[in-house]
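Each structure below appears as C-alpha cells.
You will see chain A twice below: alongside chain B first, and alongside chain C after that.
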Partner chain A sequence: MDTTHSQMNILLCDDDADDRLFFKEAMTELKVQNDLKVFENGSELMDYLHHPDTLLPHILFLDINMPCKSGLECLKEIREHAKFKNLVIAIYSTSNSEEDIEETFTNGANIFIKKPSDFSLLKKAIHHVLNINWQYHTDGLNKETFFLSL
Partner chain B sequence: MKLYIKYDINLACRVILQEQLEALQIKYELMEFGEIEISDSVTDEQFSLLQSNIGRYGIEIINNQKSQLVQRIKDTIIDMIYEKDKLPTTTISNYLADQLNLSYGYIANVFSEYTYTSIENFIIIQKIERAKKLIVEDGLTLTEVSYKLNYSSVAYLSAQFKKVTGLTPSLFKRIVDKRRELSQNA
Partner chain C sequence: MKFLKKFNHLTMLKIALGISIFSIGYLITMFYFQMDDLKEYKHRIVMYNTANVNILHLESEIERDSYFAQTQVLNFNLSPQKTNLDVNYINTFLEKNNLLNDIDAEVLDRNARIKELVHEYNNAKNQLFTNSHTNRAGVFNSSVIALNRSISNYSTYLESQIRIYNDNYDIRIDNAKTSGFLIALISLVIFILSYVKMNEDLYELRKINDEILFMNETLSNAEMVAGFGSWKINTVQNKFIISDNFYRMLNLEPREREFTVEEVMNYIHPEDREAVVKLHKESFLNKETTTLWYRYLLPDGVIRHMVSTGKFLNNSKGELVKIGVNQDISELMTKTKELEENNAKLVSINSELESFNNIISHDLQEPLRKIQMFISRIESKEFLESASETTVTYFEKIKAASARMQNLMTDLVEYTRTLKAGRVFEEVDLNFILSEIQEELAFTTEEKNAKITVDQLPIISGTRFQIQQLFINLISNALKYVKIGVEPNIAVKLETLDSDVINDKTITGAEYHKITITDNGIGFEQKYADQLFILFKRLPTEEIYKGTGLGLAICKKIVDNHKGFITAVGFPNKGCVFTVYLLKKEKDA
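What follows is the complex of A and B.
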C-alpha cells in the first residue's frame, strides 16, 4: 500500500539520438525514483516487451515517426495483447491535428504529446506526464479511460 | 550428502504471500514491484497477524505513520467527492483539518512530500475521474454531471475537463465509443 518506496519503470523508444539523450537528462531531475530503459527501434522494443522475464513497465514513451516499425504500428501490436492492457502508452508526435490525436487515442494510446520545439518545454511536458501517470498508478485509477493530450 | 538447489526468490515470495493472505482470508491481488492491492478493509488484528506471519520469512510491510496519514487524506477526499451529502459547507482545507484533527498546513505538506502532487491537484483529478465514470458508465449528460459534482456551471466543468485531460468531454466520449466498437469487432 505504501508507494513511496517503489520506483517508476519507464521505457523509451525513439530513433533520434538527440531526443534520447535529452529524455535521459529530463529523467535525472525527476522527483519520483525511476528506472529508464531505452530502445532505438520498434522491433527492439517489441522483443523486450515479449521477453518472459520482462516486468510490465509503468509507462512507455513511443515516438510516432520511426523507420521500419512506426510508433503507431507498435501501439496497435501492443494493444492486441491482453497482458499489456494496463501499460500506459505515451505517444509523441510533431503533429497535433485533431484527427491524428483521435486516431492515436482510438488505437489505444493514453497520452498524446505534441513535441514542443523548445527543450525546456519538452522537459516540463515529460515531468507533467510522469506525475499524472504516477497518480494513476498509485491511486489505482482506471487506465482504460486515462487520456491526456498536451 | 550435499544437495544443490536452485530457487526463484521472486516466485517463492509470491507463493508465501498468497498462502499467508489466504490463510487470513484477506482479499488481495498481487501486483508487480512488491505491491499488494487489498480489495477489502483489513482489521487491525489481521494486519498485525499478517505482519508477524510474513515477518518470519523476512518479508516486511513498508509502513509508516506519514504514509498512513496520506491514505487517510485521500480516503477523506474520495468520500467527499463520491457522497454528495458529505460535501463540506466550509472550505475544503477547514474540512480536512477538522476531519483529521491536524492543521491544514501540516496535512498539505505531508501530502505533497509523499505524493509529489498537491491536495488541490489530487481533488481535481479525482473529480474528473468521477466525471468520466458518470459519462461512460452511467451515460449522464454534462449538465447532469456538473450538477452531481457540484460544479457551478457546465462551462466550468468542461474547462476543467479540458485542462486535466487535454480533451473536450465530447471528444473523450467519441474516443471511448470508438474504442468499444473496435474491441467488439476484434
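What follows is the complex of A and C.
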C-alpha cells in the first residue's frame, strides 16, 4: 500500500487472542510492510516501552478492558512521559460507552476505534489510522473527530 | 335573679353592692352621731332635773325660813341672828346649778337673780326684826313673794327645758331605731348580694373547671394517639410530675408512683444518660429552651427513642418550673430504618441492573461480534464457493440470526439507557434533529426511493440523544414497515392543538406541542394500538418485517421521560399515524 508509511513501528496491545489474530490478518491483507509488535497485556507493553533498547514506536493500538493493567492505566502512564508525546495512541475497544470515550479523550488518546463486527470494516479502520496526517489531526482534535465512525 | 340576668348581672351586682356598702357606711356614721346626741340629751335632762330639785329644795328652805320668821314676828320673838337664812348654804345650792352654765346661759342669769332676791329677802327680814313691825312686814312679804315667784319661774323654766330635751330625746331614739333597722336591712341585702355574687363566681369557676377537665382529657387522648407525654419539674420540691401517657411510655400504669428527677433520669439509656444529665443541668444556668434526643431503656429491655423539649416558667408561687414534652419516635426511627434499608436494596438492585446493562452492552456483544467477524472472514475467503448448497443456506441462517441478535442487543442497550434518570435537559432543536436523521437514513431512503417531508418544528427542552432516538425509531419504522414495491411517503407535521384527551387526561395546546408522523405503510389493526408500546410485544406481521419488539417501547419510555405522550392510529394496508405530545418550553407556554 502506501509506501511512505512502510517503516512505521506499530504496536498492538490486546488480551483477546482472536482479536490479535484478526488484526494481524487485516495488516497482512492490507499488505503494509510495517513492523507490528503484539502484547497480551498492559504490563508487557509498559515493560517494552520502558526498555532502553526499544525504538520509539509511531502508533499504538490499545485495548481498554485488559486484566492486570487496563488500557486506561497504560494510557495515563504513557502520557506522563515526555518522550512518548508524539506517540499516536488509538484506542481499540469493544466498548463505545460515553464514559470510556470521554475518559480516554481527556487522558490524551488520539483516536477511538470501536472494534467492528465486520472484517472489511476492520481493514478500513486500520487503513484510515495508518494514513492520517497526525500532525493535522491532533491540531483539530475534538470529541466529534475523536470517535472514528466506520 | 332572672331579672338581673337579663342585664349584665355581674355589673349590676357590683353596683348594688357598692351602693349598699356606701349606704351602710353613711348609716353607721349617722347612727354614731345619733347615739352621741342621745347621750348628750340624757346628760342635759339629768342636769336640768338636778337643778330643778335643787331649786325646789331651795324653795322649801325659803318657805320654811319665811314661815319661821313670820311665826317669830307673830310671837314677837325677835332674835334675827338665829333666823337669818344662810347665804352660804344657798350659794351651795346655786353653785350646783352653775354646772349648767356651760350649756345654758339663762341659768346663770336666773341664779344671779335668785341670789339678789335672797339678798333682798335677808335684808327685808333683818329690817323686820330691827324696825317697826307694820311697814317692814309689807316689804318682807313682797320680797318673799318675789323670791317665790322667781324660784317658781326658774323651776318652770327648768321643767320646760326638761320637756324640750325629753321630746328631742324621743325623736332621736326613733331615728336611732330607724337607722338600726336600716343597717340591719342593708346588711342583709349585702349578705344576699354577696351570696349571689359568690354563687355566680362559683358557677363560673365550675364551668372553667369543667373546661379544664375536658381539655385535660383531650390532651391525654391526644398524647396517647400522638405518642407523647408531658412533664413538669418543680425545682423547689425536686418533683418530676409526668402525664398519664408518660407513665405508659415507661410501661407503667398512670400515676402508679411518684418520681424525683433522678429517678426518671435512671430510665435513660446508660449510653445517653451522662450527656442528658449534663445538658439538663446546663439548661438551668441560662434558662434556655432545650431539645434533646435520647433513648429510654425500660426494665424489660425495650428501647424507646425520645425527642424531649423543655422550657422554663415560674408558677404562681414564683417557684422555677421546667416543663416539657417527650415524643416517642421509636416507630418513626424504625420506619426510617426500614426506608433506609429499602433504599439500600433499591440502590443495590439498581447497580445490579447497571451491571446487567453492562453485561448486555459489553460481555454479550463481545462473543457475538467475534461470530460476526468469523462470518465475514468465511465470506471474504471464498470458502463458500466450494461449499454445498445446504452449507450455504445454513451459513446464511447463521448470519441472519447473528444480525438479528445484534439488533436486539443494540435495542436493549438503548432501552436500558432510557431507564437511567437524572439527565439534564437542554434546548433541542427538532429541525436540526430531523435533518440529522434524514442524513443518517439517507442510504435506506434512497434505496427505497422514499419521500420524507418535514414541517418547521419547534425547539423543545429534553435530552438530545433520547429525542434523536425517538424520531429515528419512528421514521425507521415508517421506512421499514412498507409493502414491497411501495415507495414510502412519510410526513412529519406540527399540528395545531386545542385540547386532546389521552388516558382521561386533557392535554392543551398551551402546554404541549403535537407532532404527527404519518406513513403509507402496512399499518395495523386499531385493536392492537395499545400493545404497540409494550416491551417485546410484537404485532402479528409477515416474516420479512421482523423487529425486536423494542423500538416503540423505547419511544414510549423516552416520551415518558419527557413527561409527554405518544399515541398511534393504524389503518391496515394504508398506513398509520403516530402522534407525539411534547411539553413546550416554559417561556413558550
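Here, the second predicted complex is superposed on the first by the 121 of 150 C-alpha atoms of A that agree within 3 Å, B and C clash if a C-alpha of one lies under 4 Å from a C-alpha of the other, contacts with A are read in each partner's own complex, and residues count from 1 in each chain.
FYI, contacts are C-beta pairs under 8 Å (C-beta built on N, C-alpha and C of every residue); 3 or more make two chains touch, one makes a residue touch a chain.
Since the model is a prediction, treat every value here as computed from it, not as a measurement.
Asks: Of the two partner chains, chain B (first) and chain C (second), which one does A:S120 touch, if any: first, second, both, or neither?
Replies: After superposition on chain A, A:S120 lies in contact with chain C alone.
Asks: So, does A:V32 touch the first partner chain B, the second partner chain C, both, or neither?
Replies: first
Asks: Between chain B and chain C, which makes contact with more of the residues in chain A?
Replies: Comparing chain B with chain C, the partner touching more chain A residues is B.
Asks: For A:F61, is the partner it touches chain B (first), chain C (second), both, or none of the two (neither)?
Replies: Neither partner.
Asks: Just chain B (first), just chain C (second), both, or neither: which does A:T94 touch?
Replies: Touch status of A:T94: second partner only.
Asks: In the overlay, answer first, second, both or neither for which of chain B and chain C A:F112 touches.
Replies: First partner only.
Asks: Inside the complex, what are the residues of chain C that reach chain A?
Replies: For chain C paired with chain A, touching residues are 361-362, 365-366, 368-370, 372-373, 376-377, 380, 406.
Asks: Would you tell me which residues of chain B are touching chain A in their complex?
Replies: 32-38, 61-64, 67, 71, 74, 114-117, 122, 125-126, 129, 132-133, 136, 164-167, 171-172, 174-176, 178-179, 182
Asks: Which residues of chain A touch chain C in the complex?
Replies: It is residues 18, 22, 25, 65, 94-95, 97, 115-120, 122 of chain A that touch chain C.
Asks: For chain A, which residues count as touching chain B in their complex?
Replies: By the definition above, chain A touches chain B via 1-7, 9, 31-32, 55-56, 98, 101-102, 105-106, 108, 112, 131-132, 134-135, 138-142, 145, 147-150.
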